[in-house]
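Each chain carries a letter (A, B, C, D, E and F) given by its place in the written order, and its residues are counted from 1.
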Amino acid sequence: MIDFIVTFLLSMLTYLILTASQGEVWGLWSIFEIITGIVLSFIVAFIANKVLFQKRTYRMLNPLRWVIFLIYLIGPFFWAMAKANIDVAYRVITGKINPGIVKISPGLKTDLGITLLADSITLTPGTLSVDIDEKNNDLYIHWINVTTLKPTTHHICANFPQWIRRIAE
Amino acid sequence: MKEMSRIVRTVTNFVYGFIIIFGFYIIVHGHLTPGGGFQGGAVVGSAFALLLVSYGSLNSKKFLKKDIFSLFENFGLILFIVLGFSGLGITFFYNFLANSGGWFGNTAVIGVNPGNMNTGGVIPLMNIAVGLEVLSAFGVIVLTMASAAEFTKKKENS
Amino acid sequence: MGTLLTVLYIFLGIGVFFNCLGSVGLLRFPDVYTRLHAATKATTFGSIFTSLAVIIYGFSRWNITGDSKFRVLALHTIVALICLIITNPTGAHAIARAAHRSGVMPKQAVIDELKEAKLK
Amino acid sequence: MSSFVEIIHISTLVMMIIASFLAVVFKKLLPSIVALSVASLLLSLEFYLLHAPDVAIAEAAIGAGLTMAIFIFAIRGTR
Amino acid sequence: MNEFFKIFIIPGGLLLLFMFLSLIRLILGPTVPDRIVALDTINTLVVAGMILVGAAYEEVIYIDVAIVYALLSYIGTLYVAKYLEGGSKK
Amino acid sequence: MKKIIFGIAFIIFFSFLIVSAINMRTFGEPTFSEMDDYFIENAQSETGANNVVTSIVFDYRGFDTLGEATVLFTAVVGVVALFRGVKK
């Protein structure tokens, strides 16, 4: 039941963002628009609630986690992305590379956590997530500038696992 | 077809609902903004294709049923023909609801305007009928071709 | 109006520069994985900056003229930006995984632990 | 300024012709499909520049998503 | 055509030039994954260019095309990657 | 012999293409006919829809759209009938 309601609210929010222009309700929407949005969100919740909540984990319903996620996105993640692009510029101009594929085990358990970590790794300096071990969530990373053959997690992704453990676990 | 990696599956869970609500937005706003039944139906149909590719054709049988799709396809086509016959008092495909003041009957403001949902006569209803038909048609085509490709591959291996 | 123009020039300049870098890196690097580095990181960063320029333009024009058209422009651009950020690194991960499983190995690699692991 | 818009139109069409030519020339099937996808993507951009967003949405949905899916199912079945 | 048209249409034209550079990689690419990377890059550049052109013409509804393209190009990439992954193993 | 015939056919086709390209109008400026003027003037007030393209597709040319929907339905029937024997 709770997954139905959450899917309904999320799709309603998306519909309201997409259709905001002029109208009676708060100067943004007309009444007919809101009725249409409720009917459509009901249909979408009926279709998509089984897909969105497969593991039946309701950990992300806490709003504090979303606040931490926004802080993480604007602060350390964006700074790491800027550094990554300077790094790519340096490699493109000089052509110095020393690549290799290494393995790290960050120790995250949930699906959302490992997804966030893999996408962050892809967008941050010199690393690209190639493959994942489905049993124990080990990531295989293509590293463009290998400095040590036995890297720890701190070499690859500075302190992202701590942030993500606070967000998703 | 096997399923793809865990990262792709987790992203699919979020994107799937978003594509469906966006396709419905394109269908329903067909008489105000660019789009309409065919375009929105194609967008929703490709959402089903996304679920099929990331979960594999065996695991996605939990979410997609072929019989429901073929039922809705016939329903959409019949609804479209019924709406066409409804204006037969004057002529075939006559827009009998436009500017009548009732449902979907407000007069549109001439010129560039943000738009009122409650206009257009039978055009929004026809958009919904064609959208229902197109989305279930693409769902049926993709599901049938996936199971057929799976079948020929299995026959070659054995 | 003057500060708006300056901000737009800076953001569009950064965006176009990084997109250029991504395309040049796609031509210059030796194998698939390093090309994916250049393509994914640089073009995502450049597209974020060009979209941010459009968002700032929309909100400030809405502030000046009061026309609700520009607010809708900014909101839809935010939705497009979120879609781009979510889908782009996932597509890069899918391409890299498929390339390694289809037998394209990284060139001049000093270490390759994935080949020894033999997943599935 | 309109001459610049004309240059954009002409270069989009030239790139589309190159991509369609590649789709015919390639020997393997998968690179052909990739080149066909690029051609359909540039066709969608050209419709967009000609102020026809209806056709652009239809071309993007059919050409990028569903045509790729159906072609790949077909060559997977015949392999 | 106001004074902002020129600011947004010139970066759009430059993005078209970068698309041409990626098309060279599509022609040259020795293996199949190289060509898919070129396709992915062209997708991202087209989405960014569509947003810029929509802002230049001040047409709100043109951004919808960019959203549709950003979502559906992802599906196309996944299909090609899926075929390649199970493809040349045997 | 075959190559000569192909060459002649190619030259004829290409010359038609060149002649029609020379006679072409300036890019982006088509001539307006009476039909276009009628649709642009009256479509918004007659059908009550803001999007003129949709009002043409579903109102003035509704019968064509019925044909398109029937073509799609026939395609689905063809696909299902072709793979009818395939179970799982």
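Quick note on the criterion: a residue touches a chain if its C-beta (ideal position, glycine included) is under 8 Å from a C-beta of that chain, and two chains touch if they have at least 3 such contacts.
Nothing here was measured: the structure is a model prediction, and the numbers come from that model.
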Please report the minimal path length, in steps, between chain E and chain F on the chain touch graph. 2
What chain is most central when centres are computed from CA atoms? E
Centre to centre, by mean C-alpha position, how many angstrom separate chain D and chain E? 11
Chain B and chain C: spacing of chain centres that average the CA atoms, whole Å: 30
Averaging over Cα atoms per chain, report the distance between chain B and chain E in Å. 25
What is the distance in Å between the mean C-alpha positions of chain A and chain B? 29
Where does chain E touch two or more other chains at once, residue-wise? 19, 32, 36, 61, 64-65, 67-68, 71-75, 78-79, 81-82, 84-85, 87
Would you give the residues of chain C that are in contact with at least 2 other chains, written as numbers and ranges? 24, 36, 40, 44, 68-69, 72, 76, 79, 83, 87, 90, 92-94, 97
On chain F, where are the residues touching two or more other chains? 53-54
Note: in the complex, chain B contacts chain C through residues 4-5, 7-8, 11, 14-15, 18, 114
Under the touch definition given earlier, write down the residues of chain B that touch chain E in their complex. 1-2, 4, 8, 15, 18-19, 22, 26, 33-35, 43, 46, 49-50, 53-54
Show which residues of chain E lie in contact with chain B when the two form their complex. 61, 64-65, 67-68, 71-72, 74-75, 78-79, 81-82, 85-86
Note which residues of chain C are touching chain B in the complex, please. 68-69, 83, 86-87, 90, 93-94, 97
Show which residues of chain D lie in contact with chain E when the two form their complex. 1, 4-5, 7-8, 11-12, 15, 18-19, 22, 28, 30-31, 33-35, 37-38, 41-42, 44-45, 48-49, 51, 53, 56-57, 60-61, 64-65, 68-69, 72, 75-76
